[in-house]
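When the chains are written out, they are named A, B, C and D in that same order, and each has its own residue count from 1.
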Amino acid sequence: MPIPKPNLNPAFNIIRLSHVELVVTDLARSRAFYVDTLGLQVTDEDSETIYLRAMEERGHHCIVLRKGDEPRARDLSFKLFDEDHLEKAEHFFRTRGHATEWVERPYQSRSFRTRDPHGIPLEFYARMDRLPPIHQQYKLYHGVKPLRIDHFNCFSPDVDASVAFYTELGFRVTEYTEDEETGRLWAAWMHRKGGVHDMAFTNGTGPRLHHTAFWVPTPLNIIDLLDLMATTGWVGNIERGPGRHGISNAFFLYIRDPDGHRIEIYCSDYQTVDPDLEPIRWDLKDPQRQTLWGAPAPKSWFEEGSLFEGTEPVPASLAAQPIVAP
Amino acid sequence: MPIPKPNLNPAFNIIRLSHVELVVTDLARSRAFYVDTLGLQVTDEDSETIYLRAMEERGHHCIVLRKGDEPRARDLSFKLFDEDHLEKAEHFFRTRGHATEWVERPYQSRSFRTRDPHGIPLEFYARMDRLPPIHQQYKLYHGVKPLRIDHFNCFSPDVDASVAFYTELGFRVTEYTEDEETGRLWAAWMHRKGGVHDMAFTNGTGPRLHHTAFWVPTPLNIIDLLDLMATTGWVGNIERGPGRHGISNAFFLYIRDPDGHRIEIYCSDYQTVDPDLEPIRWDLKDPQRQTLWGAPAPKSWFEEGSLFEGTEPVPASLAAQPIVAP
Amino acid sequence: MPIPKPNLNPAFNIIRLSHVELVVTDLARSRAFYVDTLGLQVTDEDSETIYLRAMEERGHHCIVLRKGDEPRARDLSFKLFDEDHLEKAEHFFRTRGHATEWVERPYQSRSFRTRDPHGIPLEFYARMDRLPPIHQQYKLYHGVKPLRIDHFNCFSPDVDASVAFYTELGFRVTEYTEDEETGRLWAAWMHRKGGVHDMAFTNGTGPRLHHTAFWVPTPLNIIDLLDLMATTGWVGNIERGPGRHGISNAFFLYIRDPDGHRIEIYCSDYQTVDPDLEPIRWDLKDPQRQTLWGAPAPKSWFEEGSLFEGTEPVPASLAAQPIVAP
Amino acid sequence: MPIPKPNLNPAFNIIRLSHVELVVTDLARSRAFYVDTLGLQVTDEDSETIYLRAMEERGHHCIVLRKGDEPRARDLSFKLFDEDHLEKAEHFFRTRGHATEWVERPYQSRSFRTRDPHGIPLEFYARMDRLPPIHQQYKLYHGVKPLRIDHFNCFSPDVDASVAFYTELGFRVTEYTEDEETGRLWAAWMHRKGGVHDMAFTNGTGPRLHHTAFWVPTPLNIIDLLDLMATTGWVGNIERGPGRHGISNAFFLYIRDPDGHRIEIYCSDYQTVDPDLEPIRWDLKDPQRQTLWGAPAPKSWFEEGSLFEGTEPVPASLAAQPIVAP
């Protein structure tokens, strides 16, 4: 098994993924996508920036849209247990040779930035402004009724290396895809918060952000979103799905925002809090790995992703290919 | 508009589609598909034949599986208002030059067979044995929880001619696809019972039976069936879907039985009882016609169908092509 | 069996229930209920009147709200097959001694009014203005996503007499409740359009309108409506449900509009087009008759209803009592 | 606020609730309830005992049914992080004056028993036999499709004291009900695993086990269970629901097993992993606290519960009363 033993006592405690900042070229058009169509709630906005949260979140933001010239993904942000763990985390990265930088973020306590071994920009903080609950204000629910941010998925040029590093950070592998011929990892799903993942890696030119996922109540909400997108000018932004993932067993849909940033709508995976949870292995050649029902993903899904600001992607060291739709 | 005026006072009253007999080559394997997987209820069976009904049906059968050497579709059967209308119907066909034949069918009052202008074998009867209701015996529900047979769809080598003939029989067009260049019909949906269709025609080498459809409670039952088929050895029998039809607005899935007979699982179309209901026109080039969400149907869906016993199909007279998945 | 034989060849052809006019005392408040909360679409409005349709309807209106001093139900309206049947219907009522009156209704071809034997005001017409389809304009769907008007239910002081009369009009009984001791009908469900009912009668001081029902896609839409009403100031307007009816097998919810007019939200009954469909008998003492899951209806549900304009209700001749919640 | 500050650094790490042993008087009848009706999977059984797991669980059991003369609840069991934490936990209880006892449990590593301050029998262990995943064996899903055990709810004679004690164990309050007049707690929901609760307390004669809850995929599964129970002889075992809880926002149903042990079917609460999650306060007099849609719970729901083996319940010290259905 190419999966390292989980590190059950990491140097600091990452609670969960928190948010990502996406650079978008047309803020109004992005607002039409994220707010009017997906149904995320605006918590602050001005002419340059929109802050969004999902329906059950009490933290101030799970997505920040920032106007810019080129579509880019900025820092993937994670919430730490407390300020003490924030200190420990910064120390960890710095002493391992990852440059760190303390930054001020609106609505957050002090935060630091760093990069993972492949150059993915990461942000860590412990406290974010808390907002009153809105999960029982049902008149606000619309679009796909997004409940919370669920996970990030990144292209990695070396998934084995990514898994080794994030394992050290305390992420635990729940499922993974192995290339049988080389014995190397082709993809892996790793969690902190007790679901199938907070962070996943897929073999490919990277680092690039493959997608950001939102959790919704039931598969019917995904069907509602498809009907809505199909009849409001967004049919071309539907990329893959709906379907059931083999890996994670979740019901999914992939869509693209106006700049091509990929969003997954996702629900019904399973609870993973047991420290002795056994990772599930999948073979790269298993067509039910991607979609339990057998339909392969389109080429764009394997090839396209958002560039991270300030990092040049490199080709994957593993050449193995999954099944791609013709 | 290439659609003829509806005939609101036809010579006899067809209540609804009733059933079809399918010739299958391995009765046990077909039973595993229709009974164990789809969830149809056996109402009678012996070594040669299985009679099935769906959960809300009180007539004895909606599908008859008969063992044979070659997969074939036999008569498409329709229920008439009463014995008097049965006489009128037989007279109608006979005097129009369609050979008719009175036949004895188990569990049915006397029935007659004939053929439509393209050779589709048709059966008509007025009374079938009635069985006690089982729609509230919820322990019997399983598989996709099929509630009732919904419609037949046939390849026709000349959809204009098919529509003209079935219009005379009292079927009313609810939606249709027009080839803009020739002004001819590429497909049409026609009903008797107050839904979008009892019978539909698609341009292609024909006559052949394209599919038989069953109505289910909600889209979630279709997702359940996909999960079940995907994990019980039937993943290769999933052909297209799930999706929302543009035409009919229904949620659908197409699957293939062990002999390749195509079954559609279908729900949530609309009520069409108004005699002045306006047919909805779709352009053959509109990608949302087939699937509102934009995904094209696979090649097999356009090319494969069940041969009707005793009829040799001929190529379609209209060469126009819809959008096919690569 | 206390049910008369169905009249399969009535003197004229009623296609389906069409609409009802409700007198309401605060038009703005009623708009908040029917439009903002239920999700019906406004097709016309002025300071005195609001016309509404549901999402799959192409006729101009299924509910007319008219401002008035006292809450009242006005005519229950039915659509006839064509103008010829309209003539036949008017003749039928007039020659049976029911006064008829030709009236002009906005958006309808000529219509006539009459009353049933207990004084329920009825309206008949053949043509209503047709509107473009909106069932695929998914951005318009909200509230409970009402698809179409489904049925009326009226208190009758003599259900046997009501059933006898509506049977003559061609309505067919699908299910009924019998009082075992007297052998009399306590309630009956009667259809024209191929569902469980267009019109139902419940024993009680009458005639009064018990409720008007709307069809919705799935039980989850009813749950969504409950969540919405519960958090937007309408929690006191929730009267009974959600639940599964024993009779009809439908999933239901009863709510009250601002004037107390009762609305049912309803889905998933069954198809009844067969002329030989056997009515299902229920015993008045069967607690699963009302709610398959066993919960009795509240007292208000048995006692309260909307007065019909111009008709004084009389007590029921049958004293038998169903199970009422304490 | 009557809620103590959370103890974010407890002496040992409880991962989640694990299982409960229920003494039942008729093992076959209980099997019909838990296995044939709810759909739990048997992992071992003999003439005295049945071990059950839910569909996504990989631990050997979440419910143990043991034949006995009187219905009783035995130990509420919790899974600890590892063997080291098991030692720490045993030390904690012992040094606080709670008698502990090391026991051998089939399919578990060594376990110890103790009691909470009110006498609730508790069991702790770190490792249970792991079974192969079955969550994608869809042919096994039936009944309500239970995915996992979700929480215990206990009557406590002093909820303030219970909350103080479980807070010390590291449970965190997510929502609570306060009696405004006394400022005392009437109920509280406390979690370890990142949902609304692993353990809840309700004011009443106690300790007694109020209910054990199972998580299911969607509200439609609960409707399916109601239909099944209503038509297979279990209608009298439906106690309350379906409904939406105000507290937790979950969709729920309460049913009773053949011995009166109460089971809740539950889904769609929210994620609570943030250490700074603010507890939500409810007033005891708020009717939407229990059921967002306003329906009060029946008397039995407030009064009946399972006795814990070896503990005599005492009356609650707080006399305040919630709203009870008439």
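Assorted remarks:
Following the convention adopted for this analysis, a residue touches a chain if its C-beta (ideal position, glycine included) is under 8 Å from a C-beta of that chain, and two chains touch if they have at least 3 such contacts.
Please read these numbers as outputs of a predicted model, since none were measured by experiment.
The set of chains touching chain C and also touching chain D is given as A, B. Graph distance from chain B to chain C, where chains that touch are one step apart, equals 1.
Ranked by distance of CA centroids from chain C, the top chain is A. Of the two chain pairs examined here, B-D and A-B, it is A-B that is joined by more C-beta pairs in contact. Each chain gets a centre from the mean of its Cα atoms; for chain A and chain D, those two points are 33 Å apart. Taking each chain's centre as the average of its CA atoms, chain B and chain D sit 50 Å apart.
Taking each chain's centre as the mean of its C-alpha atoms, chain A lies 44 Å from chain B.
Residue positions 136, 218-220, 227, 230-231, 292 of chain B each touch two or more of the other chains.
Across the interface of their complex, chain D is touched by residues 136-139, 142, 218, 220, 224, 227-228, 230-232 of chain B. By the touch rule above, chain B contacts chain A in their complex via residues 218-220, 223, 226-227, 229-231, 235-236, 238, 242, 244, 251, 287-288, 292-295, 325-326.
Partner chain D is touched in their complex by these residues of chain A: 8, 15-16, 56, 58-59, 79, 81-82, 127, 130, 133, 135-136, 147-148, 193-194, 217-220, 246, 249, 268, 270-271, 273-278, 280, 292.
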